[in-house]
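First up is the structure itself, then whatever we jot down about it.
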């Protein structure tokens, strides 16, 4: 390790923040761009499964809450793109990489939302899992990223409560609503567990990322924490987690649970999730059909500028 | 009148049929192309307001009946285009004239279908009015047209009965269904009366067309006949015709009734009906988006032909 | 008139907000740029909030136990009282923004007049809403100008949107018995008096946008009276009302 | 298995016909040529008729008083048992015809096998349906060939349709407990045994169409078990079931 690198690492070890103008190793920059960009893309693509139910929301209040939530996600996307831009990449470039399939987004959004209870399950489980990942990132070493995460986490935990509230209404509702709630839990449980990524022993970037504090906990730690927090919530709702092996382990003080189907996880990563094709197609369509708008507004701004210059 | 024309008119007067290869006056040909083409276009555009409810039909049987009806309309369009083609115009040319707005279709199809009861009202009133117009045309002087009308009339009267059957189910149904039925009658009554065209004194082509037997009755005669037949049917259904002046006239033996709003009629003709823009847009979209299909199938047919020739 | 004119009037205000809010919310996640996604959601949220106020008050005036949700999710097309303009489909982004501008310009004038309503509750709703709609109009007119005076393509699309939607403008200014009753009670203005100011604003905006107002002022009608909506509204309701219709006994 | 496998099986046959018939009927009045409008309507009509037979029988087997209409119009997504392929959106005409071909080829093989079913009623429905589907397959394969081997554009579009839909083919051949029970009872074939003939037919047709079968045979699943449909089905139901949901007490 050369002296520059050593100083960098020591600063991180001491709990200092790295800021955009500071020197940083190429790998740190690249990894952060990948990680923040992927997170930003997840917020953007994540609008789609919930957007799918906005026009079918059952009450005006539920529609407003859901719409505000999806709007927050767009806002999170915006903060995160800004954070990534401080690392020398443009939002346009990242968007192109998303649309071409070169950059990824969280696989969870390749699962479909099929009933209103899914709006509850997404909030409760998906946002819940996201928060597990994100709360420690408020202490991440890169300043702009850490600050974006502070804002995001505040809103996400609000979303999670809203999701749980939907689940509660469903679980305590009519027989059909209870059935919907259970069905949603059945479909989202394992995909939510997958959100923490494969077991650490199979994870590529982990060790270096943890040293750099752009990853704060191992995947397995976070997954266990999520299970431990979620199981009692499911019990409270009167819903059954679709895992017959699930059991509290008195010795460890944690729940033992079944691993998700990692073969499915890798298929989804490869593009074979239930909705990969549709999600990317939807984003591409929005982008392509919006081109004339972006070009039109740009042309107008330029005309305006040159008219002003001519007048001066 | 020159001798050829005189002989032509005498043949018509004697009840003879004119066939495609017979001599005919230019005006006769032109008028027929206009009339048959317009009728064909009406069948085609007429698919749209009913097509609007196929995906919302309330039972499997109702869906099948409605779909079969719309399919019949496409079939009628086909017969009529064929009849018009015997006069030396192509279907493609007529289609282009429809799509550019040069040729007309029946104004009734510029009214929207807003509830399931409209499927009843369209069958009962619109097909009912169409039959009034078409039954006499089975005796029209132009052979191919007369023969097309024979086939069409048989199916149309079947459609009318189906429409009446829907109205009956609605009128004898729940309070909401009765309300729908009455609302449909309210919206379709005057537009149906308009289907016979303005009063004969204001009609341009009438006298010559009647002499040529391509028009068999005056507009007012047919309208009166329609009212006389329809009023008792409405009474049978327990529905109220939206005309406070409607009254049986003991002296004439006919119903007296209010004229439709001819200002509205001319606005619809001009393109200002509730759905003119949408109907033409829908037809243009279907035609434009179908271009690659037509071209593809044509190219394949040519490839096949040349492969066969090469093989011979 | 079969029903209370005040109830009718409140439904008109509420249904305009409900239907346009729904249309705008259909854009969710598919706007041309992220900032527009956020702005469209904001507008939809404002309109949903206004819906709750207007229809909530309508339900109280009616006194038949229907709240805003019941009115929004359990009426069929013929009971809707929104103008035809707001139920027209989104089309492309330009068509959506043109519809928004043509409505906002009327909406703000109407709300501004309603601030002086003899009915204090209506005046209060109008005051709150007018603040939001001031911002809507600012955005929609800016966008109409930006895209009208943008590229050749954006200009062409905006002119097409204007030509398509102009026949739906007139309905907002046509008065009927309900409007007469509202005017007599000092509750709402005669719709016709809003026209001159509207025309002026539209003229200025279209001039800046280099767009040409269609010559024909023919006006479709049938939305605000409920006599004849377009075919689009029914399709919107199949989505909007689905859950309430499928599970009438549930609470959400 | 929570329900009677025969009921499940009949729902699968019926829901395939119901959902595909609905999709095809969405084309009404908007096909590329008049003759196609008529042909598509014919196909939809056949499928609706088959739906009535399969779901009618399902209702009888269930014995809970549900007839074909109740099953079609009053179940929510999770109770539907059609394969994912048939609920995919129409896309362009090429995508519609590719979906049709990929389904028809399986459908005819399945129906042909069902003619030998130990259940006489199923055999009778299959025999009637097989005649109709023979004609469907003839048309859809001709169209796939004609458009695949047509212009450059039509070839490109058909290849894109094939690439898009191929991942939905596998599900038709995946067996489960329901299929095993049907096979044991001599009611229906093991789905897997239909694959070889299907692949042969598809290979020949795609060759004539100058199209290339995707290499990856990955198969989406979740439709025929009902475990996870696509998002499209729910949207279809909002339209399909609207009237029955909005007016549950009416007869039509």
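As written, the chains take the letters A, B, C and D, and residue 1 is the first residue of each chain.
Convention: contacts are C-beta pairs under 8 Å (C-beta built on N, C-alpha and C of every residue); 3 or more make two chains touch, one makes a residue touch a chain.
Remember, predicted model here, so these are calculated numbers, not experimental data.
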In contact with chain B and with chain C at once: which chains are those? Just list them.
D
State the pair with the higher C-beta contact count; candidates are A-C and A-D.
A-C
Of all other chains, the one whose Cα centre sits farthest from chain B
A
Geometric centre distance via CA averages, chain D-chain B, whole Å
35
Taking each chain's mean CA coordinate, chain A and chain B are separated, in whole Å, by 57
Got the chain C residues that touch at least 2 other chains?
76, 238-239, 242
Of all residues in chain A, the ones touching two or more other chains
56, 176
Topology of the chain contact graph, where touching chains are joined (line, ring, star, complete, other):
other
Name the touching chain pairs, would you?
A-C, A-D, B-C, B-D, C-D
Enumerate the contact residues on chain B facing chain C in the complex.
49, 52, 56, 111-115, 176, 179-180, 183, 187, 267, 272, 274-275, 277-278
In their complex, what parts of chain B are in touch with chain D?
44, 47-48, 51, 54-64, 67-68, 70-71, 74-75, 77-78, 81, 116, 166, 169, 173-174, 176-177, 282, 285-287, 289-301, 303
Which part of chain C faces chain B closely enough to touch in the complex?
76-78, 164, 167, 216, 218, 220, 222, 227-231, 233-234, 238
Chain C to chain D touching residues, read off their complex
76, 235, 237-239, 241-242, 245-246, 248
Chain B contact footprint on chain D (complex, rising order)
18, 22, 25-26, 28-38, 41-42, 44-45, 48-49, 51-52, 68-69, 72-73, 92-94, 143, 145-147, 149-151, 153-155, 157, 239-240, 242-244, 247, 249-252
